[in-house]
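So that we are looking at the same thing, I have put the structure below in C-alpha coordinates.
Labels run A, B, C, D, E and F following the written order; every chain starts at residue 1.
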(Lines give C-alpha, C1' and ligand atoms only; values in the text may rest on other atoms or scores of the structure.)
Protein backbone atom coordinates (compact mmCIF):
# COMPACT_ATOMS: atom_id res chain seq x y z
CA UNK A 1 0.00 0.00 0.00
CA UNK A 2 1.43 3.39 -0.95
CA UNK A 3 1.67 6.10 1.73
CA UNK A 4 -1.26 8.45 1.49
CA UNK A 5 -0.11 12.05 1.05
CA UNK A 6 -3.13 14.05 2.16
CA UNK A 7 -1.28 17.24 1.26
CA UNK A 8 -1.44 16.56 -2.49
CA UNK A 9 -3.63 18.98 -4.49
CA UNK A 10 -5.47 16.02 -6.04
CA UNK A 11 -6.22 14.44 -2.66
CA UNK A 12 -7.28 17.78 -1.17
CA UNK A 13 -9.52 18.64 -4.16
CA UNK A 14 -11.23 15.27 -3.96
CA UNK A 15 -11.62 15.67 -0.20
CA UNK A 16 -13.42 18.92 -1.04
CA UNK A 17 -15.83 17.05 -3.35
CA UNK A 18 -16.46 14.59 -0.50
CA UNK A 19 -17.11 17.36 2.06
CA UNK A 20 -19.46 19.23 -0.27
CA UNK A 21 -21.35 16.00 -0.98
CA UNK A 22 -20.97 16.90 -4.65
CA UNK A 23 -22.31 14.51 -7.29
CA UNK A 24 -19.39 13.32 -9.39
CA UNK A 25 -18.81 11.39 -12.58
CA UNK A 26 -15.99 8.85 -12.43
CA UNK A 27 -14.55 7.24 -15.57
CA UNK A 28 -12.78 3.91 -15.03
CA UNK A 29 -10.19 2.10 -17.17
CA UNK A 30 -12.95 -0.45 -17.84
CA UNK A 31 -14.82 2.35 -19.69
CA UNK A 32 -17.48 2.30 -16.90
CA UNK A 33 -18.79 5.76 -16.01
CA UNK A 34 -20.10 5.75 -12.44
CA UNK A 35 -22.18 8.61 -11.06
CA UNK A 36 -22.79 9.29 -7.39
CA UNK A 37 -21.32 10.85 -4.24
CA UNK A 38 -17.89 10.12 -2.88
CA UNK A 39 -18.04 9.08 0.76
CA UNK A 40 -14.36 8.59 1.55
CA UNK A 41 -10.93 7.99 0.02
CA UNK A 42 -7.84 6.18 1.24
CA UNK A 43 -4.48 5.35 -0.33
CA UNK A 44 -5.96 2.49 -2.34
CA UNK A 45 -9.62 3.15 -2.92
CA UNK A 46 -12.62 5.48 -3.07
CA UNK A 47 -16.08 4.74 -1.81
CA UNK A 48 -18.88 6.02 -4.07
CA UNK A 49 -22.55 5.97 -3.05
CA UNK A 50 -24.43 5.44 -6.30
CA UNK A 51 -27.77 7.14 -6.90
CA UNK A 52 -29.42 3.98 -5.49
CA UNK A 53 -27.31 4.38 -2.36
CA UNK A 54 -25.14 1.34 -3.05
CA UNK A 55 -21.66 1.74 -1.57
CA UNK A 56 -19.19 0.87 -4.30
CA UNK A 57 -15.50 0.53 -3.43
CA UNK A 58 -13.42 1.61 -6.45
CA UNK A 59 -9.68 1.02 -6.75
CA UNK A 60 -7.52 4.10 -7.47
CA UNK A 61 -5.54 2.13 -10.02
CA UNK A 62 -8.77 1.64 -12.02
CA UNK A 63 -9.62 5.38 -12.11
CA UNK A 64 -9.06 7.36 -15.31
CA UNK A 65 -10.64 10.69 -14.30
CA UNK A 66 -13.17 12.30 -12.01
CA UNK A 67 -15.20 15.45 -12.54
CA UNK A 68 -18.04 17.19 -10.78
CA UNK A 69 -21.42 16.38 -12.25
CA UNK A 70 -21.97 20.01 -13.33
CA UNK A 71 -24.34 19.80 -16.20
CA UNK A 72 -27.35 17.72 -17.17
CA UNK A 73 -26.02 14.21 -17.89
CA UNK A 74 -27.40 14.23 -21.42
CA UNK A 75 -25.26 17.06 -22.79
CA UNK A 76 -21.73 15.51 -22.96
CA UNK A 77 -19.84 18.40 -21.37
CA UNK A 78 -16.41 16.76 -21.77
CA UNK A 79 -14.98 16.88 -25.29
CA UNK A 80 -14.29 13.16 -25.53
CA UNK A 81 -13.35 11.45 -28.80
CA UNK A 82 -13.06 7.66 -28.74
CA UNK B 1 4.57 -7.44 -2.47
CA UNK B 2 3.23 -4.24 -0.95
CA UNK B 3 2.80 -4.06 2.85
CA UNK B 4 -0.80 -4.75 3.80
CA UNK B 5 -2.28 -1.88 5.81
CA UNK B 6 -5.20 -3.53 7.58
CA UNK B 7 -6.13 -0.17 9.07
CA UNK B 8 -7.23 1.30 5.73
CA UNK B 9 -10.96 2.03 5.43
CA UNK B 10 -11.12 0.04 2.19
CA UNK B 11 -9.44 -3.02 3.74
CA UNK B 12 -11.63 -2.80 6.86
CA UNK B 13 -14.85 -2.39 4.83
CA UNK B 14 -13.99 -5.41 2.69
CA UNK B 15 -13.11 -7.37 5.83
CA UNK B 16 -16.64 -6.56 7.01
CA UNK B 17 -18.10 -7.98 3.78
CA UNK B 18 -16.02 -11.14 4.39
CA UNK B 19 -17.17 -11.48 8.03
CA UNK B 20 -20.84 -10.95 7.12
CA UNK B 21 -20.54 -13.56 4.36
CA UNK B 22 -22.18 -10.96 2.10
CA UNK B 23 -22.70 -11.77 -1.57
CA UNK B 24 -20.69 -9.29 -3.62
CA UNK B 25 -20.32 -8.26 -7.23
CA UNK B 26 -16.75 -7.69 -8.38
CA UNK B 27 -15.93 -5.89 -11.67
CA UNK B 28 -12.49 -6.65 -13.12
CA UNK B 29 -10.37 -4.70 -15.61
CA UNK B 30 -11.08 -7.57 -18.01
CA UNK B 31 -14.76 -6.49 -17.92
CA UNK B 32 -15.59 -9.76 -16.10
CA UNK B 33 -18.25 -9.36 -13.41
CA UNK B 34 -17.83 -12.10 -10.78
CA UNK B 35 -20.49 -12.78 -8.16
CA UNK B 36 -19.98 -14.74 -4.94
CA UNK B 37 -18.68 -14.51 -1.37
CA UNK B 38 -15.28 -13.19 -0.39
CA UNK B 39 -13.42 -15.68 1.78
CA UNK B 40 -10.20 -13.79 2.49
CA UNK B 41 -7.96 -10.94 1.31
CA UNK B 42 -4.24 -10.35 1.46
CA UNK B 43 -1.93 -7.64 0.11
CA UNK B 44 -2.03 -9.10 -3.41
CA UNK B 45 -5.27 -11.00 -3.85
CA UNK B 46 -8.82 -11.81 -2.85
CA UNK B 47 -10.40 -15.24 -2.71
CA UNK B 48 -13.99 -15.38 -3.98
CA UNK B 49 -16.19 -18.47 -3.63
CA UNK B 50 -18.45 -18.39 -6.67
CA UNK B 51 -22.05 -19.52 -6.45
CA UNK B 52 -20.82 -23.00 -7.51
CA UNK B 53 -18.39 -22.91 -4.58
CA UNK B 54 -15.30 -22.62 -6.79
CA UNK B 55 -12.48 -20.75 -5.00
CA UNK B 56 -11.24 -18.10 -7.38
CA UNK B 57 -8.08 -16.16 -6.52
CA UNK B 58 -8.37 -12.63 -7.96
CA UNK B 59 -5.47 -10.19 -8.15
CA UNK B 60 -6.02 -6.76 -6.55
CA UNK B 61 -4.41 -5.10 -9.54
CA UNK B 62 -7.15 -6.57 -11.74
CA UNK B 63 -10.01 -5.20 -9.60
CA UNK B 64 -12.00 -2.17 -10.79
CA UNK B 65 -14.72 -2.08 -8.10
CA UNK B 66 -16.63 -4.18 -5.59
CA UNK B 67 -20.14 -3.70 -4.28
CA UNK B 68 -22.55 -5.67 -2.14
CA UNK B 69 -25.03 -7.68 -4.16
CA UNK B 70 -27.98 -5.66 -2.82
CA UNK B 71 -30.63 -5.98 -5.43
CA UNK B 72 -31.91 -8.69 -7.76
CA UNK B 73 -29.15 -9.27 -10.36
CA UNK B 74 -31.46 -8.36 -13.25
CA UNK B 75 -32.05 -4.67 -12.38
CA UNK B 76 -28.71 -2.93 -13.06
CA UNK B 77 -28.50 -0.96 -9.78
CA UNK B 78 -25.25 0.79 -10.73
CA UNK B 79 -25.60 3.68 -13.21
CA UNK B 80 -22.98 2.37 -15.62
CA UNK B 81 -22.53 3.81 -19.12
CA UNK B 82 -20.05 2.08 -21.45
CA UNK C 1 11.34 -6.85 -8.47
CA UNK C 2 9.04 -6.89 -5.42
CA UNK C 3 10.05 -9.05 -2.45
CA UNK C 4 8.24 -12.36 -2.56
CA UNK C 5 6.23 -12.96 0.62
CA UNK C 6 5.78 -16.72 0.64
CA UNK C 7 3.68 -16.40 3.79
CA UNK C 8 0.78 -14.71 1.97
CA UNK C 9 -2.43 -16.77 1.78
CA UNK C 10 -2.57 -16.23 -1.98
CA UNK C 11 1.02 -17.43 -2.49
CA UNK C 12 0.49 -20.41 -0.18
CA UNK C 13 -2.80 -21.40 -1.86
CA UNK C 14 -1.20 -21.26 -5.31
CA UNK C 15 1.76 -23.25 -3.99
CA UNK C 16 -0.82 -25.88 -2.96
CA UNK C 17 -2.20 -25.98 -6.51
CA UNK C 18 1.39 -26.46 -7.77
CA UNK C 19 2.11 -29.27 -5.29
CA UNK C 20 -1.15 -31.09 -6.06
CA UNK C 21 -0.43 -30.80 -9.80
CA UNK C 22 -3.98 -29.47 -10.11
CA UNK C 23 -5.24 -28.37 -13.53
CA UNK C 24 -6.04 -24.67 -13.35
CA UNK C 25 -7.74 -22.04 -15.46
CA UNK C 26 -5.95 -18.71 -15.61
CA UNK C 27 -7.65 -15.55 -16.96
CA UNK C 28 -5.29 -12.82 -18.18
CA UNK C 29 -5.87 -9.08 -18.66
CA UNK C 30 -5.57 -9.81 -22.40
CA UNK C 31 -8.80 -11.86 -22.07
CA UNK C 32 -6.77 -15.04 -22.77
CA UNK C 33 -7.89 -18.04 -20.72
CA UNK C 34 -5.00 -20.49 -20.33
CA UNK C 35 -5.52 -24.02 -19.02
CA UNK C 36 -2.79 -26.29 -17.67
CA UNK C 37 -0.66 -27.10 -14.63
CA UNK C 38 1.34 -24.57 -12.67
CA UNK C 39 4.97 -25.66 -12.34
CA UNK C 40 6.39 -22.83 -10.26
CA UNK C 41 5.87 -19.21 -9.14
CA UNK C 42 8.22 -16.41 -8.24
CA UNK C 43 7.76 -12.73 -7.36
CA UNK C 44 7.26 -11.78 -11.01
CA UNK C 45 5.90 -14.77 -12.88
CA UNK C 46 4.23 -18.14 -13.01
CA UNK C 47 5.18 -21.06 -15.20
CA UNK C 48 2.24 -22.96 -16.67
CA UNK C 49 2.61 -26.25 -18.56
CA UNK C 50 -0.17 -26.22 -21.12
CA UNK C 51 -2.00 -29.40 -22.06
CA UNK C 52 0.53 -29.79 -24.90
CA UNK C 53 3.30 -29.57 -22.30
CA UNK C 54 4.52 -26.14 -23.48
CA UNK C 55 6.10 -24.17 -20.62
CA UNK C 56 4.54 -20.73 -20.69
CA UNK C 57 5.96 -17.98 -18.47
CA UNK C 58 3.12 -15.66 -17.43
CA UNK C 59 3.67 -12.29 -15.74
CA UNK C 60 1.85 -11.74 -12.43
CA UNK C 61 0.88 -8.26 -13.54
CA UNK C 62 -1.03 -9.78 -16.46
CA UNK C 63 -3.07 -12.15 -14.27
CA UNK C 64 -6.72 -11.37 -13.52
CA UNK C 65 -7.73 -14.57 -11.69
CA UNK C 66 -6.90 -18.24 -11.26
CA UNK C 67 -9.19 -21.09 -10.31
CA UNK C 68 -8.96 -24.87 -10.15
CA UNK C 69 -10.29 -26.57 -13.24
CA UNK C 70 -13.06 -28.29 -11.26
CA UNK C 71 -15.72 -28.95 -13.78
CA UNK C 72 -15.89 -30.10 -17.40
CA UNK C 73 -14.50 -27.24 -19.52
CA UNK C 74 -17.75 -26.83 -21.44
CA UNK C 75 -20.03 -25.76 -18.57
CA UNK C 76 -18.87 -22.21 -17.65
CA UNK C 77 -18.83 -22.67 -13.85
CA UNK C 78 -17.88 -19.03 -13.10
CA UNK C 79 -20.78 -16.55 -13.30
CA UNK C 80 -19.04 -14.18 -15.67
CA UNK C 81 -20.89 -11.36 -17.43
CA UNK C 82 -18.97 -9.31 -20.00
CA UNK D 1 2.19 8.06 -3.59
CA UNK D 2 5.45 8.36 -5.50
CA UNK D 3 7.80 11.25 -4.68
CA UNK D 4 7.31 14.06 -7.17
CA UNK D 5 10.57 14.95 -8.91
CA UNK D 6 9.92 18.46 -10.19
CA UNK D 7 13.34 18.42 -11.83
CA UNK D 8 12.36 15.84 -14.45
CA UNK D 9 12.25 17.15 -18.04
CA UNK D 10 8.72 15.74 -18.43
CA UNK D 11 7.46 17.48 -15.29
CA UNK D 12 9.19 20.75 -16.23
CA UNK D 13 7.86 20.67 -19.81
CA UNK D 14 4.31 20.07 -18.59
CA UNK D 15 4.73 22.85 -16.04
CA UNK D 16 5.62 25.05 -19.01
CA UNK D 17 2.36 24.09 -20.75
CA UNK D 18 0.51 24.97 -17.52
CA UNK D 19 2.25 28.35 -17.18
CA UNK D 20 1.63 29.27 -20.82
CA UNK D 21 -2.05 28.29 -20.45
CA UNK D 22 -1.55 26.26 -23.62
CA UNK D 23 -4.46 24.21 -24.94
CA UNK D 24 -3.43 20.54 -24.87
CA UNK D 25 -4.71 17.23 -26.15
CA UNK D 26 -4.45 14.35 -23.68
CA UNK D 27 -4.88 10.71 -24.76
CA UNK D 28 -5.88 8.31 -21.98
CA UNK D 29 -5.52 4.51 -21.75
CA UNK D 30 -9.33 4.42 -22.01
CA UNK D 31 -8.93 5.84 -25.58
CA UNK D 32 -10.54 9.11 -24.38
CA UNK D 33 -8.99 12.20 -25.94
CA UNK D 34 -9.52 15.21 -23.65
CA UNK D 35 -8.86 18.75 -24.81
CA UNK D 36 -8.43 21.73 -22.54
CA UNK D 37 -5.96 23.62 -20.35
CA UNK D 38 -3.86 22.04 -17.63
CA UNK D 39 -4.29 23.89 -14.34
CA UNK D 40 -1.92 21.93 -12.10
CA UNK D 41 -0.06 18.65 -11.68
CA UNK D 42 1.02 16.64 -8.67
CA UNK D 43 2.67 13.24 -8.20
CA UNK D 44 -0.60 11.40 -8.86
CA UNK D 45 -2.81 13.56 -11.04
CA UNK D 46 -3.34 16.43 -13.44
CA UNK D 47 -6.18 18.90 -13.40
CA UNK D 48 -7.54 19.80 -16.83
CA UNK D 49 -10.08 22.59 -17.41
CA UNK D 50 -12.14 21.44 -20.36
CA UNK D 51 -13.40 23.89 -22.93
CA UNK D 52 -16.62 24.13 -20.87
CA UNK D 53 -14.50 25.02 -17.86
CA UNK D 54 -15.13 21.75 -16.04
CA UNK D 55 -12.21 20.83 -13.75
CA UNK D 56 -11.36 17.21 -14.52
CA UNK D 57 -8.87 15.39 -12.29
CA UNK D 58 -6.98 12.84 -14.40
CA UNK D 59 -4.74 10.13 -12.95
CA UNK D 60 -1.16 9.99 -14.24
CA UNK D 61 -1.41 6.21 -14.49
CA UNK D 62 -4.26 6.63 -16.99
CA UNK D 63 -2.29 8.99 -19.29
CA UNK D 64 -0.86 7.68 -22.57
CA UNK D 65 0.42 10.95 -24.07
CA UNK D 66 0.00 14.71 -24.06
CA UNK D 67 0.68 17.19 -26.83
CA UNK D 68 0.06 20.86 -27.42
CA UNK D 69 -3.08 21.53 -29.40
CA UNK D 70 -1.10 23.06 -32.28
CA UNK D 71 -3.25 22.58 -35.31
CA UNK D 72 -6.97 22.76 -36.11
CA UNK D 73 -8.61 19.81 -34.32
CA UNK D 74 -9.94 18.32 -37.57
CA UNK D 75 -6.60 17.57 -39.24
CA UNK D 76 -5.19 14.59 -37.24
CA UNK D 77 -1.67 15.98 -36.84
CA UNK D 78 -0.34 12.85 -35.06
CA UNK D 79 0.42 9.90 -37.34
CA UNK D 80 -1.69 7.42 -35.35
CA UNK D 81 -2.58 3.96 -36.67
CA UNK D 82 -4.97 1.85 -34.59
CA UNK E 1 13.48 1.22 -12.06
CA UNK E 2 12.99 -1.98 -10.00
CA UNK E 3 16.10 -3.87 -8.88
CA UNK E 4 16.77 -6.75 -11.22
CA UNK E 5 16.91 -10.07 -9.34
CA UNK E 6 18.83 -12.31 -11.72
CA UNK E 7 18.33 -15.21 -9.30
CA UNK E 8 14.58 -15.44 -9.99
CA UNK E 9 13.45 -18.63 -11.78
CA UNK E 10 11.63 -16.52 -14.38
CA UNK E 11 14.72 -14.39 -15.12
CA UNK E 12 16.98 -17.45 -15.24
CA UNK E 13 14.58 -19.38 -17.51
CA UNK E 14 14.36 -16.46 -19.92
CA UNK E 15 18.14 -16.09 -19.82
CA UNK E 16 18.23 -19.74 -20.92
CA UNK E 17 15.99 -18.94 -23.91
CA UNK E 18 18.36 -16.07 -24.79
CA UNK E 19 21.47 -18.25 -24.52
CA UNK E 20 19.94 -21.05 -26.61
CA UNK E 21 18.89 -18.52 -29.25
CA UNK E 22 15.46 -20.11 -29.05
CA UNK E 23 12.63 -18.70 -31.16
CA UNK E 24 9.90 -17.46 -28.82
CA UNK E 25 6.36 -16.22 -29.02
CA UNK E 26 5.58 -13.20 -26.86
CA UNK E 27 1.99 -12.09 -26.15
CA UNK E 28 1.60 -8.43 -25.13
CA UNK E 29 -1.21 -6.68 -23.25
CA UNK E 30 -1.97 -4.95 -26.57
CA UNK E 31 -2.93 -8.40 -27.95
CA UNK E 32 0.15 -8.27 -30.23
CA UNK E 33 1.90 -11.61 -30.64
CA UNK E 34 5.57 -11.06 -31.53
CA UNK E 35 7.79 -13.89 -32.75
CA UNK E 36 11.56 -13.84 -32.81
CA UNK E 37 14.70 -14.31 -30.73
CA UNK E 38 15.35 -12.64 -27.41
CA UNK E 39 18.72 -10.85 -27.43
CA UNK E 40 18.83 -9.48 -23.90
CA UNK E 41 16.73 -8.57 -20.85
CA UNK E 42 17.07 -5.95 -18.14
CA UNK E 43 14.90 -4.84 -15.23
CA UNK E 44 12.60 -2.84 -17.53
CA UNK E 45 12.71 -4.35 -21.00
CA UNK E 46 13.48 -7.19 -23.36
CA UNK E 47 15.07 -6.90 -26.77
CA UNK E 48 13.55 -9.18 -29.42
CA UNK E 49 15.07 -9.64 -32.88
CA UNK E 50 12.11 -10.24 -35.16
CA UNK E 51 12.33 -12.64 -38.06
CA UNK E 52 13.30 -9.65 -40.24
CA UNK E 53 16.12 -8.92 -37.77
CA UNK E 54 14.53 -5.73 -36.44
CA UNK E 55 15.54 -5.09 -32.82
CA UNK E 56 12.37 -4.39 -30.90
CA UNK E 57 12.58 -3.13 -27.32
CA UNK E 58 9.55 -4.44 -25.38
CA UNK E 59 8.58 -3.18 -21.92
CA UNK E 60 8.20 -5.84 -19.21
CA UNK E 61 5.02 -4.18 -18.00
CA UNK E 62 3.47 -4.79 -21.45
CA UNK E 63 4.25 -8.54 -21.44
CA UNK E 64 1.47 -11.05 -20.78
CA UNK E 65 3.34 -14.30 -21.46
CA UNK E 66 6.27 -15.83 -23.31
CA UNK E 67 6.68 -19.35 -24.59
CA UNK E 68 9.14 -21.21 -26.79
CA UNK E 69 8.06 -21.43 -30.38
CA UNK E 70 7.83 -25.24 -30.20
CA UNK E 71 5.38 -26.11 -32.89
CA UNK E 72 4.58 -24.87 -36.40
CA UNK E 73 3.07 -21.39 -36.03
CA UNK E 74 -0.18 -22.41 -37.71
CA UNK E 75 -1.36 -24.95 -35.12
CA UNK E 76 -2.30 -22.83 -32.06
CA UNK E 77 -0.50 -24.94 -29.44
CA UNK E 78 -1.71 -22.85 -26.47
CA UNK E 79 -5.29 -23.52 -25.37
CA UNK E 80 -6.36 -19.88 -25.54
CA UNK E 81 -10.02 -18.85 -25.36
CA UNK E 82 -10.84 -15.17 -25.87
CA UNK F 1 8.91 8.64 -9.61
CA UNK F 2 11.24 5.65 -10.05
CA UNK F 3 15.00 6.27 -10.01
CA UNK F 4 16.33 6.44 -13.53
CA UNK F 5 19.09 3.89 -14.12
CA UNK F 6 20.92 5.28 -17.14
CA UNK F 7 23.15 2.22 -17.11
CA UNK F 8 20.37 -0.16 -18.20
CA UNK F 9 20.78 -1.66 -21.69
CA UNK F 10 17.26 -0.53 -22.60
CA UNK F 11 17.92 3.08 -21.53
CA UNK F 12 21.31 3.14 -23.27
CA UNK F 13 19.91 1.64 -26.50
CA UNK F 14 17.10 4.22 -26.57
CA UNK F 15 19.62 6.97 -25.84
CA UNK F 16 21.45 5.72 -28.95
CA UNK F 17 18.26 6.09 -31.03
CA UNK F 18 17.92 9.65 -29.66
CA UNK F 19 21.54 10.56 -30.47
CA UNK F 20 21.30 9.13 -33.98
CA UNK F 21 18.07 11.03 -34.58
CA UNK F 22 16.66 7.75 -35.82
CA UNK F 23 13.01 7.57 -36.87
CA UNK F 24 11.21 5.14 -34.58
CA UNK F 25 7.87 3.42 -34.37
CA UNK F 26 6.33 3.34 -30.90
CA UNK F 27 3.38 1.05 -30.06
CA UNK F 28 1.31 2.14 -27.04
CA UNK F 29 -1.03 0.12 -24.80
CA UNK F 30 -3.85 2.18 -26.39
CA UNK F 31 -2.98 0.46 -29.71
CA UNK F 32 -1.72 3.82 -31.05
CA UNK F 33 1.37 3.51 -33.26
CA UNK F 34 3.32 6.79 -33.20
CA UNK F 35 6.11 7.50 -35.66
CA UNK F 36 8.76 10.17 -35.26
CA UNK F 37 12.05 11.05 -33.59
CA UNK F 38 12.75 10.67 -29.90
CA UNK F 39 14.10 13.93 -28.45
CA UNK F 40 14.66 12.91 -24.83
CA UNK F 41 13.77 10.37 -22.13
CA UNK F 42 13.47 10.58 -18.37
CA UNK F 43 12.34 8.15 -15.66
CA UNK F 44 8.68 8.75 -16.46
CA UNK F 45 8.37 9.80 -20.06
CA UNK F 46 9.70 10.09 -23.60
CA UNK F 47 9.39 13.08 -25.88
CA UNK F 48 8.67 12.21 -29.52
CA UNK F 49 8.72 14.79 -32.33
CA UNK F 50 6.14 13.57 -34.80
CA UNK F 51 6.63 13.99 -38.52
CA UNK F 52 4.73 17.31 -38.23
CA UNK F 53 7.22 18.37 -35.58
CA UNK F 54 4.70 18.21 -32.72
CA UNK F 55 6.39 17.40 -29.39
CA UNK F 56 4.42 14.59 -27.83
CA UNK F 57 5.17 13.56 -24.24
CA UNK F 58 4.50 9.81 -23.88
CA UNK F 59 4.37 8.03 -20.52
CA UNK F 60 6.70 5.01 -20.12
CA UNK F 61 3.87 3.07 -18.48
CA UNK F 62 1.85 3.41 -21.72
CA UNK F 63 4.64 2.03 -23.95
CA UNK F 64 4.40 -1.52 -25.29
CA UNK F 65 7.40 -1.55 -27.64
CA UNK F 66 9.71 0.62 -29.71
CA UNK F 67 11.61 -0.22 -32.85
CA UNK F 68 13.65 1.66 -35.41
CA UNK F 69 11.67 2.62 -38.47
CA UNK F 70 13.83 0.43 -40.72
CA UNK F 71 11.60 -0.45 -43.59
CA UNK F 72 9.00 1.40 -45.70
CA UNK F 73 5.96 2.02 -43.47
CA UNK F 74 3.64 0.01 -45.73
CA UNK F 75 5.32 -3.41 -45.37
CA UNK F 76 4.49 -4.53 -41.77
CA UNK F 77 8.01 -5.63 -40.82
CA UNK F 78 7.00 -6.92 -37.37
CA UNK F 79 5.22 -10.31 -37.35
CA UNK F 80 2.24 -9.07 -35.34
CA UNK F 81 -0.95 -11.10 -34.99
CA UNK F 82 -3.91 -9.54 -33.17
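As a working rule, a contact is a pair of C-beta atoms (placed from the backbone, for glycine too) under 8 Å apart; a residue touches a chain by one contact, two chains touch by 3 or more.
Computed from a predicted structure; not experimentally measured.
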Over the chains that touch one another, what is the least number of steps taking subunit A to subunit D? 1
Spelling it out: a chain qualifies if it touches subunit C and also touches subunit E; which chains qualify? none
Taking contact as defined at the start, I'd like the list of chains shared as neighbours by subunit B and subunit E. C
Same residues or different residues where subunit E meets subunit F? The copies count as same if more than half of the interface numbers are shared. different
What is the size of the turn, to the nearest 5°, that moves the C-alpha atoms of subunit B onto the matching ones in subunit D? 120
Averaged over CA atoms, how far is the centre of subunit D from the centre of subunit E? Could you give it in whole Å? 32
CA centroids of subunit B and subunit F: separation to the nearest Å works out as 37
Multi-chain touching residues of subunit C, meaning two or more other chains, are 2, 28-29, 31, 43, 61
Name the chains in ring order, counting from subunit B in the direction that reaches subunit C next. B, C, E, F, D, A
Spell out the residues on subunit E that touch subunit F in their complex, using ranges where they run on. 1-2, 28-36, 40, 42-45, 47, 50-52, 54-59, 61-62
Would you mind writing out the residues of subunit C in touch with subunit B in their complex? 2-5, 8-11, 13-14, 27-29, 31, 43, 60-61, 63-68, 70-71, 77-82
